[in-house]
Structure formats: structure tokens, C-alpha cells
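For reference, the structure I am asking about is given below.
Here the chain labels run A, B, C and D in written order, and each chain numbers its own residues starting at 1.
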Amino acid sequence: AARMVAFQQRVDAEEKVEPKDWMPEAYRKTLIRQISQHAHSEIVGMLPEGNWITRAPSLRRKAILLAKVQDEAGHGLYLYSAAETLGVSRDELTEQLLSGKAKYSSIFNYPTLTWADIGAVGWLVDGAAIMNQIPLCRCSYGPYARAMVKVCKEESFHQRQGFEIMLSLSRGNAEQKRMAQDALNRWWWPALMMFGPSDADSEHSAQSMAWKIKRFSNDELRQKFVDASVPQAEHLGLRIPDDDLQWDEEAGHYRFGEINWQEFFDVLAGNGPCNRERLNRRKEAHANGAWVREAARAYAAKQAARKAA
Amino acid sequence: AARMVAFQQRVDAEEKVEPKDWMPEAYRKTLIRQISQHAHSEIVGMLPEGNWITRAPSLRRKAILLAKVQDEAGHGLYLYSAAETLGVSRDELTEQLLSGKAKYSSIFNYPTLTWADIGAVGWLVDGAAIMNQIPLCRCSYGPYARAMVKVCKEESFHQRQGFEIMLSLSRGNAEQKRMAQDALNRWWWPALMMFGPSDADSEHSAQSMAWKIKRFSNDELRQKFVDASVPQAEHLGLRIPDDDLQWDEEAGHYRFGEINWQEFFDVLAGNGPCNRERLNRRKEAHANGAWVREAARAYAAKQAARKAA
Amino acid sequence: MSTKPHFEYLLRLGDNALVSGQRLGELVTRAPELEEEMALANFALDCVGQARMFYTYAAEIEGQGRDEDQLAFLRDQIDFRNLLLVEQPNGDFACTIARQFLFLSAYQIQLDELTRSSDKRIAEIAARAVKEVAYQLRHTRQWLIRLGDGTDESHDRMQKAIDDLWRFTGEMFIADEIDEWAAAENVGPNPAALQAPWNDFVQQALQEATLTRPQDAWMDTGGKHGRHTEHLGYLLAEMQYMQRAYPGAAW
Amino acid sequence: MSTKPHFEYLLRLGDNALVSGQRLGELVTRAPELEEEMALANFALDCVGQARMFYTYAAEIEGQGRDEDQLAFLRDQIDFRNLLLVEQPNGDFACTIARQFLFLSAYQIQLDELTRSSDKRIAEIAARAVKEVAYQLRHTRQWLIRLGDGTDESHDRMQKAIDDLWRFTGEMFIADEIDEWAAAENVGPNPAALQAPWNDFVQQALQEATLTRPQDAWMDTGGKHGRHTEHLGYLLAEMQYMQRAYPGAAW
């Protein structure tokens, strides 16, 4: 209990907690859950984007998309490493993802149907992710905070590239404009859901705030995202699919319509358009790679034996 | 020996030999080899054409191509049945194909690279096949002769459709004409090789003639094919890729250049552009279907047991 | 009759047929046995034939001078109106059988109703198609039963395939304004009315196949309005390539 | 310098890079482990980058106002100049490694020579590419050895992959009139001269991997002259679809 008080004092003083430091078991568990979910999201997030690598409409866009997907694999690696500092192995985490026990961001259960979706994912999904993640650069747990600094830098680059795709499309021909609007129609609401339910309905929020894992409420971040995105959509000449959207002069915020939380909970429960596809693809890659990983282990063992001999 | 003489007399009298009739063992073997090679050729022949089913450039052409490939599967089935009347099972024949022990027409080891190849295959490959097969409608072995009547009727339909594709292309735009010429360039010589080496160099020929399995020499048939094809190429406005090709007024035939028999023997020996692909596809389909065939057998056994009970 | 819903209604029929035909066409030369190779090519041919009839009529109704090929090869994914079910990949043979069985058993009932359409042309097309589809359905149902009641492996594969695809079946019975127009004009049945007979038919077949009918849970939808799965884009890229690469050419 | 062979020479370099990049790009999200996912995306990116440099220069040499995208997305299969080897499908991981290893080990030697090209622009591109390719080759060679000298299964798969692809290696060392032009102008090496060092390098790696070098037998050729295998058509249909479907659009 004394350690608990000391721990809270350190956190309150904005000192970083490091792997070897004592920490409450619940703090450790909360971080493992959050960091691994984040890592899994990077990995699963490669799938909707990977879907357009072979069909990117120009060499420049193909190169940018490849670089982005590569970054995501890199983010996954940092984040798994950060989670490992808390005493969980990557194999365990992978097992949790593949068995469906661990969660990842529900947004990646939506399909990328046209090239414009690659734009919309960059603009809105990475945009929302950054809103969520910037505060995490100051998270009380050192390894996570440091990983997030690097992640956020790259994400904001991805977000700009996504917006740039949307800009090209919205300045393009009629088919391109239609594609862009259709993508916005499909991604807008799921992007708003990325911030999670209202804090009133959200588990873990209060404790995470106290531990400085979390610094803003879900609703605050969502509002921030809407306020940033509406003028961007206007700049693109696209219509946000929300009849209730309007500027509230007094509050200095955009008011928006009600979110269909049933959809959110459905997708979370496994009933999204691509939940099965996403998990099956990861399982398939893992299963197909089993003999390769086994060969690598066997070779390493032989090499070690040869050196020992 | 007396039976042998009687047999030859029947054959000479153009009487059909039927499955239950006595026949020389060498006659039976020759027919099994020839009919099963022919059946295998129909089956493997589906592959280069099947390659364009999903990409056929119009719905009408897609329908025609599907019908053609369906016919080929049908031909394969008749021919396997005809071979079975000689005391060999379809499983044995399939096994011989998949193990690489049995041969099939080498022409199907060439790739179909553009849509024009579907035209060229119909025009030239089916055209050459018909030249080979029409005499077989009078083959001394009844079941084979009867199967060939049906096969030839459909093949000549396919040949006309192939020519019609070539005609559309050669009346089309510059890219289509180029496609057509390129296809002719690649398929012409392999089509001439379909008749086999000069009879002087060909095994089995004399005996097959005596048994009325074969009625014309390879060179006669090849000449017939060239004489028929050259005016067709002229009608298409395409150039046959043979600098030595010229009309011999006196003989009433087209004289043509030397065939690269090395290529023929290479492809026969397994060294053609698609030998591995063709056999691998058949093996893969067979292997992937094993559990299905097993299930069908298990179900049939259960049904039989239920009826018996 | 109103042109727009009439055209849309025909497109849905044509797109279901074409996309089914394309998927079956992919399987030709990959079947588990030679008889099945023939059957698959034959069924793909039926589908392409049906698509051609529906498209040709749709193009006439539209009156914009388009033809069957322009409708098949020059529309974007977002303009395709087929059910999500029919665009699902072939997977293993059980998966193909499951997809075809679940679709054909509804399509058969729909076509049967369409033979009595107030639109004589649709009635004629349906009269021809219904026989082809009846044969396909019988064949496919027989495989469902053989695989379901075959070996342990085939049973498990068949059950998994049915479970995996079940979420695409709900869409077949949801009426929208186009379907309501068709029902009101006696052009075609209300999809909702097909569900009960479909259920009975499917239930009976699954039972005979010793398979378990999945629980109705969350259903994916959107195909009829152009919101597809990620699979359709690849199918179209391959199918449409020639017409896209050589615009205006005749073949 | 003569425009035509110069353009053709650059196209070959660009097409090898692009088609390699496309094949590697197909594998992203399908790798056996996360580190390899990153490596594949990275290598695909290198390849696309090299293709862009070669195409951009080729287009300048051609002087017809085409750009990198027109060369990549609006040429027909028959105009593609890549080696047959690089267009072969990914297959299992051993097959991918075999293809990349056999190609990269020749490409590396070629690029090294190209850094001394009399064409300064090619020398510059090669100087950049050679570092990327050296890294890719090291990585790929390491996998060749790990898989060859890993388990029995991985050994067999690796040997089979090498055996299957061997027939596409001969093409890399056959000089034609374009290569002879390049050699005469000191633009690039004669491919025949690459064979001996390639042989040594490959022999040494196969030995370390406990693999057997296949006998040199019949070799398939034609890629440099537009005579490809059946695989390239599908690759192009997918890769070029967007540019074919929306001609003239900017992205």
C-alpha cells in the first residue's frame, strides 16, 4: 500500500515508470492490454491497406503505400517490444490475436473497396488514431511513451498522404469525385467510433486517467477530431454524411448527429464486414509460415551446436 | 496364327472390331496407347484454353469458350470410355497421365499469352487435329471410330469459331492485328509438328496402317493441312512465319520450310514452355479433389448399406 | 413502367448471373473429377447465358445505347448490383458447393415466380433459366448431401462452409424500394416472401446432409446497392481487363 | 547514342524491377513472420523505386512524351521486357526465396557493372540501386541457407524450388543485339560475361545451404523479346486495372 502511494506520487510528478520499477499489477495488466491491442491494430491494419498494393493507380502511390504498410509493420514490432518489457512474450500476444481472445481496433473490419478508401483511411483513420495517440507520447510508462513518439511522427505523415489522395480525387474527374464521396460516406461514422463509447459507458477510463495512461476523455478527443475534419472535408468539396452536423458558434465546436453504437458493438463482437477475413488472413499467414519459422529455429540450433563444437 | 489371319481379313474387309471380339495383343496395346493419349490431350488441352475463360473479351466469346472447354471434357470422357472397352481402367489412365508416364499432344505445352491465342488454337490446333482425326472415324476399332464421329463434328465447329476470332482480330484495330499476327507466329510451327515426324522416322506407322488404325502418312496429312491453311491466312491478311513457303504449281501443293524437330523432341521430352505447369495443374486438381472423391465413395457405400438393410 | 427501377431490377438479375458464372468459370480445369469439370463449365455457361439475356433487356429498357458487354465490362464495382453471396471466392469444393447451394435455392424460387411476371420478356427469360437452375440446384444439393454425409473430413468442411457463408444469406430476403416496385407492378416477387420456402428447402437438405443449420445472427448486406466485399474488385479487374485495355474494340 | 536500343535497354531494367516489386508486393500481409513482412514491403519499395528511375529515364530517351506511369500501366504484355524468372508466381516461401535469390544474384553483378556505365545517368541509378540490392541479396541468401540447412521439410521445399526455377536462369546470360549494343557502347556488361561470377556465387551459396545445383538442361527464354509465360497476363491485369479503367486520370 505504501508502494502504491509512492507509485502514484511518481506518476503525479510526471516521472516515467520504467520496466524494472515496481508497479501495481493492475497498472501492468492495463498497459499490457492496451499496448498489445495497439500492436495488433497495427498488424491487422496492414490488411485493408495491403489490399490495394497490387492495384495502386500510379507508381508514386504504390511506393507511398508500400512505405506506409512497412511503417505499420514497424510500429507493430516496437509496440510488441514495449509490451514485452511488461513480461509478456510476443508468441503469447500472437496467440491471443489469432485465437480471437485479444482485440484490435474495430475500424479495420471495414473493407477497402476502391482506391479512394486508401485516401479515406489515411485521412480519417490515421487522423483519428493520431488524436488518440498524441497524448500517449506523455504516457506514464516510459517504453510506451517513447514508442508512441516515433509512431505519431510517422502517422501524421500518413495522415497527410491520405488527405493528399483525397485531394487528387476531389480535384479529379467525375468518377474520382464519386469514389471520394463514397469513401467518406462509408468511413466517416466508423472513424468517429474509433474514440470509443462515451466515457460514461467506458470501462477502465477513470483509473487510466489517474495513472496518466489516458489524458483526455473519449468524447473530448472525438470532438477535437470532428472540429479538425469538417473544414478539411469542406476544403475537399465533399459532404460529411451527417444531416445533423452544424457549427455551434457559442461553443466553438461542430455539433454532430448520433452515433449508431449498435453497429460499434456488433463489429466489436465479431460481426463486422471483414472480421472473419481479417483474422483468417492472419491465421493463414501464420499457419503457412510455420515450417519456415521451424526451419529458422532448426538452423539456429545447428549453428549454435557447430559453434559449441 | 489362324486367328491372326482371320483378324486381318476382317480388318481388310473394313469390318469393325468390337470389344468382345478377339484381337491381337499388340493391336489392343496400340489402341490403348493411342486412345488414352488422345483422351489425355483433350484433358490437358482444356488448360491453355481455360486460361482465358475469366478474361474473355465479350460475353459472347466467354460463352463460346466455355462451351468449347465443356466439349473437350466430354471428349475426354468418351475417349476414356472407349479405352476402357479395351480393358484398362480410368484410374489407371489418370495415374499414367499424372505420373508423366503417358503422353499427350505436345502442342498443349505452349502458352496462351493473349486472347488471339484462343483464336489461333481453334483455327490451327483444332484444324490440325481434325485432319488427324477425320480418318479415325473409319478406324477399324468400333468404339474408337464411333467416338471420333462425335468428336470430329464438334471439333470442326470449334475450328470455325477459332477462325472467326482470328477474323475479328484481323479486321480490328492495330493492336488486335498485332495480337493476331503474333499468335500465328507462335502457333504455326508447333501446329505443323502436331502431325508427328516424317513417317520414315515414326515408330508404329506401318503396322497401324495395316490394322487400319491409321490411314494416311504424317507427311500427307501435314501437307493437306498446309494447303488448307495458307489461303485462310491470306484471307485473314496475316503472314505465315515461313520464308520458304511457296506455291508449287506443278505439284499443286504449298512447299514449306524445314521444321525444327529439335524443338519437337525437346517439348516431347518435357522441355516445353508449359510442360511443368500443365502437369502440375492436373496433379493439383487431382490432389485437391481427393477428399471429395473419397466422400463420394463413402456416401455411396452408406447408401448401399442403407438399401441392403 | 418506370424505367429506372425496371433497369435496376434487371441489372440485379444479370449481375447475380454473371458474377456466379465468373466464379464457376474460375474453377474450370480445377475440379475434383472430370464429370464435375463438365458440369462446372456447363453451369458457368448457363449463368453467362442468363446474364446476356438480362443485360440485353436491361440495355433496351435503359435506352442509352449500351449493350450487354458495356454493362458487363465497363461498369465500376460500385455499380454492380449482385448479392454479396455470389461474389465470395471459391475456396475449397465445399465452399463452392455451399455458396452455390445457398444462392441457387433462393434463385430457383425467385425464377419460378418470375415465370409468371407481368413483364412478358422477363417471364420468357425466367422460363428458360428456371430449367437450367433446377438442374444446377439438384446437382449442387446432391453434392451438399454427399459431402455432408460422406467422411468426417467432408462433413466438417461442408459444415464450416455453410457456417462461413450463412451471414450472406439474409440479404437475399430484404426488400428495398426496387423490390417493392417490382412486387407492386407484379414484375417479380417480394424477396421477403421467398424466405419461408427457402428456409424449408434448405432446412430439409441440411438435415438430409446431417448438417446443422446455423443460427440466424448478424447478416452482411449491401450488394444490391453497390456496397460489396473486397473480393469483387479482384474479380472485376480480371474479368474486365480486355475491354478496359482496348476500349471500343470488337471481338 | 542510338535511341531505340537505349530505350529498350532501360525498359528491360525497369520491367525487371517493376515485376519483381509487384510479386513482392503481393506477399505483403502474407509473410511467415512480422520481420519478414517489413522486409518484403521494404524490398518491394526498393523495386518500385528503381523501376521509376529507369522508366523516367527511358521515357526521356524515347522523347514521345510518355511518363513512368504510362510505361508501367499502359503497355501490353507483349511489350514487357522483363525476364521470365521474375514474373513467376510466389508459390510457397521457398519458391519466393529461390526466385529472388537466382535473380538478385545476377542483378547484383549487373548493377555493379552498371555503376561504371558510360551513361552517367544509368551509373547514378545503379549506384543507388546496387546498395539496395546488395542488402536484399544478403537477406535472401541467408534465407536460402536457413531453409536449405533447416529441417528436412524446408530442405526439400528449397531444393524443389531451385529445381523448378532453374530453367529460367539461362535467359539472364544470353546476349542479343540490344545487349551487344550496350556492351559496344560501354553502357552495360555483356550478359554472357555475368555467367561465370554468377555461377560461382550461386554454387557457393547452394553448397552452404546443403542444396544440389541442378544440371543445366533446356532453358526457357523469350522475356526480353515479349514472349512471356502465362503468369504475366494476370499480374498485369491486376496491376494495370486502375489506369486502364480510368484513362487519363491523375491520382
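In the analysis below, contacts are C-beta pairs under 8 Å (C-beta built on N, C-alpha and C of every residue); 3 or more make two chains touch, one makes a residue touch a chain.
Here's who's who by UniProt: C, D = Phenylacetate-CoA oxygenase subunit PaaI.
Quick caveat, the model's predicted, so the values are computed rather than measured.
Taking A-C and A-D together, the chain pair joined by more C-beta contacts is A-D.
Computed centre separation for the pair chain C/chain D is 41 angstrom, with centres defined by C-alpha atoms.
Chain B and chain C have Cα centroids lying 35 Å from one another.
Residues of chain A in contact with two or more other chains: 55, 175. Each of the following residues of chain C touches two or more other chains: 76, 237-238, 241.
The touch graph of the protein chains shown belongs to none of the named shapes. Looking at which chains touch one another, you get A-C, A-D, B-C, B-D, C-D.
Remark: chain C residues 76-78, 164, 167, 217-218, 220, 227-230, 232-233, 237 touch chain A in the complex. For chain A in complex with chain C, the residues that touch the partner chain are 48, 51, 55, 111-114, 175, 178-179, 182, 186, 266, 271, 273-274, 276-277.
Put simply, chain C touches chain D in their complex at residues 76, 234, 236-238, 240-241, 244-245, 247. Those residues of chain C that touch chain B in the shared complex are 18, 21-22, 25-26, 28-38, 41-42, 44-45, 48-49, 51-52, 55, 68-69, 72-73, 92-93, 145-147, 149-151, 153-154, 157, 238-239, 241-243, 246, 248-251. Remark: chain A residues 43, 46-47, 50, 53-63, 66-67, 69-70, 73-74, 76-77, 80, 115, 165, 168-169, 171-173, 175-176, 281, 284-285, 288-296, 298-299, 302 touch chain D in the complex.
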